[in-house]
Amino acid sequence: MTVVIELWCVAALLIVSVLGLTTARWRVGTMIVYGACLAISAIALFAALIRLVAGGPATPEIVLPLGLPWVGTHFRVDALAAFFLVVINLGGATASLYALGYGRHETARQRVLPFYPAFLGAMNLVVLADDAFTFLFSWEFMSLTSWALVMAHHRVASNVRAGYVYLVMASFGTMALLLAFGLLAGPQGGYTFAAMRAEFHAPLTEALVLALTLLGAGSKAGLVPLHVWLPLAHPAAPSHVSALMSGVMTKVAVYGFIRIVLDLLGPPSWWSSMVVLTLAAATALLGVLYALMEHDLKRLLAYHTVENIGIIFIGLGLAFAFRAYGMDAAAALALTAALFHVFNHSVFKSLLFFGAGAVETGTEERDMEQLGGLIHRMPLASLAFLVGCVAISALPPLNGFVSEWLTFQAILLSPALPQWGLKILIPAVGAMLALSAALAAACFVKAFGVTFLGRPRSAVVSQAGETDDFSLAAMFFLASLCLLAGILPGFVINALAPLTQNLVSGHMPLQSASSWFAIVPITASRSSYDGLLVFVFIALAALLSAAAIHRLASHALRRAPAWDCGYPDASVRTQYTAGSFAQPIRRVFGTVVFQARESLTIPPPGDASPAVLRVELHDPVWEGIYAPIARAVGASADWLNRFQFLTIRGYLSIVFAALVLLLLVLALWL
Amino acid sequence: MLLVLLLAPALVGLVGKVKARLLRRRGAPILQPYRDLMRLLRKEVVLADNASWLFRATPYLIFATTWVAAALVPSFATGLLFSWSADLIAIIALLASARFFLALAGMDVGTSFGGIGSSREVMIASLAEPAMIMVVFTLALIAGSTQLSTIAAFMASPAVGLRVSLGLALIALIIVALAENARIPVDNPATHLELTMVHEAMVLEYSGRHLAVIELAAALKLLLYISLIACLFLPWGLAPTGHGAGTTFVGIISYIAKLAFGGVFLAIFETAIAKMRVFRVPQFLGAALMLGLLAVLLRFVSASL
Amino acid sequence: MSSLDFDISHLLAGTLVLISFMLLYQDRLFALLNIYALHALTLALAVAWQATIQDAPHLYVTAAMALGFKAIIIPVALRRIVERLGIHREIETAVGIGLTMLTGMALVALSMVIMLRVTSGAASPIAREDLALALAVVLLGLLIMVTRRNAVSQVVGFMSLENGLVLAATGAKGMPLVVEISVAFSILIAFIVIGIFLFRIRERFDTVDIGALDQSRGERQ
Amino acid sequence: MIQIPQGSIEVVLLIPLCAAALLAFLPSYRIAARVNVAASLLTLLAALSLLLTKHAAPNRYLLVDDLNVVFICLNCFVGFTTSIFSASYIAHELEIGRLTPTYLRFYHAMYQVLIFAMNLALAANNIGLMWVAIEIATLTTVMMVGIYRTHEAIEAAWKYFILGSVGIALALFGTILIYVAAEPVIGEGLDSMAWTALVEHAAAFDPALLNVAFVFILLGYGTKVGLVPLHAWLPDAHAEGPTPISAVLSGLLLNVALYAVLRFKILMTANVAAVAPGPLMVTLGLVSLVFAAFMLYGRTDIKRLFAYSSIEHMGIITFAFGMGGPLANFAGLLHMTMHSLTKSGIFFAVGHITQVKGTQQISEIGGLTETHPWLGWCLVLGVLAICGLPPFGIFMSEFLVVSSTFARAPLLAILVVFGLLVAFGSLLLRLNGLAFGEPCGGMAPVKASYAPLLVHLALVLAAGLFLPPLLVSWFQHVSRLLG
């Protein structure tokens, strides 16, 4: 039933994209397309939600006579798929709602409207697919449509470059997955997932498939060092698309990873978890460090996606480790943590990108150094953005904290693992997780403080006003979700139980059992957390204190200029900028990771020109891996190029040589 | 909860007094902080022109989160009401959110001071928190729980022997505590010299009742850390759950004694050591992080032996 | 079949190879054309002989074609063109004569080895000989094309190559007429096209040197 | 001696011949173009009738079976669409005076002769006849390539002619050897050159001889297929000739040559003792793929760019057939079809683009999606399709090739993937410059005929989503033959 509804929704989305093609010419097209997308995604969302909550076995698979002739296209919805369908369509619905307002400012409608619904549909298809061909088909189609959206504003040179890097990386990933499926399917070509599950896989196969899946899904999700396209492509797209790409598409990649490695490949082996954990920890830390060095709001958010993907994969890696040693309860805990974070990140990352989009439409500016004081201009939007910041910084009582807390709890179970490498690795991973969490908080103090607080750093801010109601509705809806998932995590965990039961044959204790909506990973005596209670306490304490203060203390209040320490300055330039805010952390970490160099040139006495502080950063990944590859390809291409400037005689002699060579081979062979 | 609220300023006063004595000054009376708070409450609030609603809301948020956190630490008895509602990690996170808002408030007015304070604060925090988490790991792994009451009960029990990792964790915890409470050598609560100040720079724009609330929150935080150290590393005299009045009384007395001891120790330490440059702080905290990690690793290894 | 048949056909085929070597050796244009006429003549004889011993009358047609077209018309026509275009008479070679000859030897050896080995089971001795020598002629023709810089001489090389093919075709016992026709036909067309090209090129350059043609590449970059 | 069954192949061959004769004497190019289209349409209809009716019993010269009927139809179809495209293309050429009416007559006649020759090559049941047909096709295309009589055009044609005829000569030698191998078994005469008889008795042939023969065949027809290192003529011929001819070259002629190779491969596989042709084809295919992929990177001429892309795809197809096995063979056949549809479609777009922009230099063309949305987006779709992105048909074939190969020979598959990625990167790089960014070059509106272009793209799209069972069963039958 569910799968049928979902398929119809996909079909409807594709139809809408055709509709967009025709109606894009008129302004009303925006309303039609996004309205339709909103409705359809909402339907799909509820269908999936019901499926997820109701639980039960997977739907019988539907086979359509499309795609590979003798295989057909298989569709199926099990708990895992249902969960990700919820994530996708939640993102899709909110993004469409947001776009109802945001889309009005779109200058290149005819380059956005046709592709947006198709993009949504493709993401749904990936999750619905139940055979390799359909999966890859939708996967690549997803990349293609999102590429088109990235290229929407193609006149900006940087966007074209972003689109290029993106699509090349995407097809690289697809190729890797293609090889992986080739291994899983075997030479006979058993392309259905059912056949792959049934087949036994040799250790070598397993290793190869894991590596290839890491390459394939990792390049989509943004695992270091395959993340380079992410900060280029996500900001280039219109903001609601950035939200989808960052908040949802990366999750589809995570889905692909889980589906292939945990579901199709069968129980993992311990070393696989080591690989995943190492990569994940590196990703989390590097991602947040990149973000700290970044002053473009949307790029910063994109880098944070990298970080959060790292956190998610840490959870997955832990799940592998526990699963490999049959500690199913622990594996379930880790997996739940990862999936919970998938949900959370999709929610607050979309929220943050919406906020960034609101800022961008208000000011036509993404560079934080030009912003500031927006909290006065757009109070509501900034409130919603603030909620997002708190959530992504993993602070209680919001949802970001819960998933990280669960991850920590999973890490604390690791001493029971017999394997020594893991014993040493996992605590280190925990430390890196804690470090990246703290750095993330620092980064969002920067992001919110510089963008919304302080005084306007340039004139662009003055033209900004409160954003439109649709956008606000979308943002506050997500913000309230952040809060709800934070104070009532038990429900989410319960919903995930059947899923983990399928994948790691274990699940966390049923949370509704524990009193007051507290969540208990293993046992109450071991650890528990009650978001609701904490929230209530904080609220009470705040209200109490406020009330008390207002009763006891004087109400007198005087507005006055900020204290200037005796230096009367009018200039807003004296404020801390994003760059200067990040300076201490840059000194601590940047010098190691990015070879950050600061060069200060102070003019000689008497020279009135300002002193210049120049900071240069080097992207280790790009300069270490990608630039050399590009150079190599270019060089070999140039070298081969000479072969089209030979004389006819030259070509003839090549043919001649080939002939003689083959004849010689025959002569020697026979 | 009220108990910690009442005790907090006294602790600050005590520290000040002892420091003064060590410097051969008479120093302000121990109750001085209460008077300061009262005076601040009576004063009018001078609000910068540019201050936003966030700026005014922050003090209460900070106070609330810190208070909740402090209330969750078993002061004189384990298994207090609702102590299960948040574990050690949650407590750290609560303090982190308090800091988050404080740093934001520091940037709100848009002066360079607030910026200095915030950026240095988050830099310090970004190292202090992981170190703290590591300490938590160590304890949690030893006690097999992250519930403070459980840990405390376990530490009180004879089951816990003398462990290297515990020692390392203690040192790390102390370092973190110093950093978190903006004490010398990381920060100097008494100075207003912009090159060195961190915490004070952030709250520079606050005045009147807002400042009072923030000061109180700071005092609470100090109390929290000391009682944390106390209940974790000298958990004696903690009244067990389901306790009679007598044990409770003993618990309270011992608790106050511990606080006093902690305060004195802090004062001595502060007078004995000098403030360090801001950019030497990372090494200092990095050391804490390393100690914590080392402790955890040792713990992992020993656990598997 | 008597050994005489075999010997004669062998002799003729061998002569063909020998003349190919002369073509390879020759570095004057007119002489080259004359030798090519000789080449074609020998081919005609060989084909005719095949016709007699296989008593396959249609092969006489091929022989006649070889005689008419290749031995007479084409050389004359080429000579005309050379005169009219005023192409200088020396053929500049890309590779030294000596080296070329050595390579030629090696090629002949190669073709012998391969063909004689390969056809061991299959065909009649005549066919084997013919095939082997024909392959040699073909390879030598290619070698000429490769080592000569000058269009006319390349064309000559190409045509000697075709001769080799004809030899092979006739050697193959009872091969249907269609092939000869096609060969002759294609060579005819080929020659016309070459002529057209010489003309076109004449319109533009003063030489038929492909070197000059190669001065300009399709894609200058 | 040739009896006429219904849906007869002879009709398919006769129509173009008559049309050619007619066109050779039609003065007005307008009528000529119309006649050209009409004749192609008739041919197409005749071919389709073949498709629907049951195959006539093969005679000694002609045969129709599952393998070639598909390609005959494809051939006639692309021939038809190309004739429509060429009508509008040629009109423009005449306006700007690149061509004179005399040459146009020649052009149209040659076009029909080319169609005839290719159909003949496909339908021939006789290796000699096939050879003749391919030779004719070569000569006609040579003349068409040189038709502009510019310096580059003549050089290209000359190069094509020399290399082509050498290749054809080698192929003839191979053909003779096949006959020599067949003759002792089947006996003298036409039978030992007929496919049907050959395949039947192939098992009894002398394997050694077959091997040598196949070497010559592969090199000979491989030259026409454009396999590296025999490819030199291909880029020039594509770049310098009129675009309709480039479309036919890439879309059809390469296929025909490859078809010839396939026939002989069937022969080889029928004889167990003969050395498997697989490794040879795999090597050539891989070399072509990787080489072409790198050549794509530095291209500055748009038609040359897609010429190299044709080489790349021929490499993929040859590789697939070399690998063999039901999956790979199916993929190869599918890829042949898809490639000829897509590539000719791309050339349609490119033709109009070069006309409206007045240049073939990529650097002087930009922002097409802004200036000429239809052309631009069609080009984008075409390139994405040729790069094997869904929802287009080539995705399916590449999926099958790579995935089926990796399970058997991982290293080869990785090489293929490497080549595909490089090619994709290079093509996309050029595409970005052509279709996106700031517009540059001529802005004048173009009066193009979009119908052929759209039809091709639609077909490729449809094939990517759904393959008709009939086609599938044919392909599967053929791939069983191919072993």
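Per-chain residue numbering starts at 1, and chain names A, B, C and D are given in the order in which the chains are listed.
Following the convention adopted for this analysis, contacts are C-beta pairs under 8 Å (C-beta built on N, C-alpha and C of every residue); 3 or more make two chains touch, one makes a residue touch a chain.
Everything numeric in this text was worked out from a predicted model, so none of it was measured.
When you average the Cα atoms of each chain and compare centres, the chain farthest from chain B turns out to be C.
A straight line joining the Cα centres of chain B and chain C is 100 Å long.
Centroids built from CA atoms put chain D at 78 Å from chain B. Centroids built from CA atoms put chain B at 35 Å from chain A. Centre-to-centre separation of chain A and chain C, using mean CA positions: 69 Å.
Each of residues 158, 162, 166, 208, 211-212, 235, 298 in chain D touches at least two other chains.
The multi-chain contact residues of chain C, meaning those touching 2 or more other chains, are 114, 117-118, 142, 145, 154, 210, 213-214, 217, 219. Residue positions of chain B with contacts to 2 or more other chains are absent. The complete set of chain-chain contacts reads A-B, A-C, A-D, C-D.
Residues 94, 107, 110-111, 113-114, 117-118, 139, 142-143, 145-146, 148-149, 154, 210-211, 213-214, 217, 219 of chain C are the ones that touch chain A when the two sit in their complex. Here chain B touches chain A in the complex through residues 41-50, 52-54, 60-61, 63-65, 67-68, 71, 82, 84-87, 89-90, 93-94, 96-97, 99-100, 103-104, 106-116, 118-120, 122-123, 125-130, 133-134, 137, 140-141, 144-147, 150, 194, 204-205, 208-209, 212-213, 278-279, 282, 289, 292-293, 296-297, 299-301, 303-304, going by the rule given at the top.
Across the interface of their complex, chain D is touched by residues 114-115, 117-123, 127, 131, 134-135, 138, 142, 145, 154, 158, 161-162, 164-165, 168-169, 172-176, 178-179, 182-183, 185-186, 189-190, 193-194, 197, 200-201, 204, 210, 213-214, 216-219, 221 of chain C.
Remark: chain D residues 126, 128-129, 131-132, 135, 139, 142-143, 146, 149, 151-152, 154-158, 161-162, 165-166, 168-169, 172-173, 175-177, 179-181, 183-184, 188-190, 193, 206, 208-209, 211-212, 235-236, 239-240, 298-301, 304 touch chain C in the complex. The touching residues of chain A, when paired with chain C in their complex, are 644-645, 647-649, 652-653, 655-656, 659-660, 663-664, 666-667, 670.
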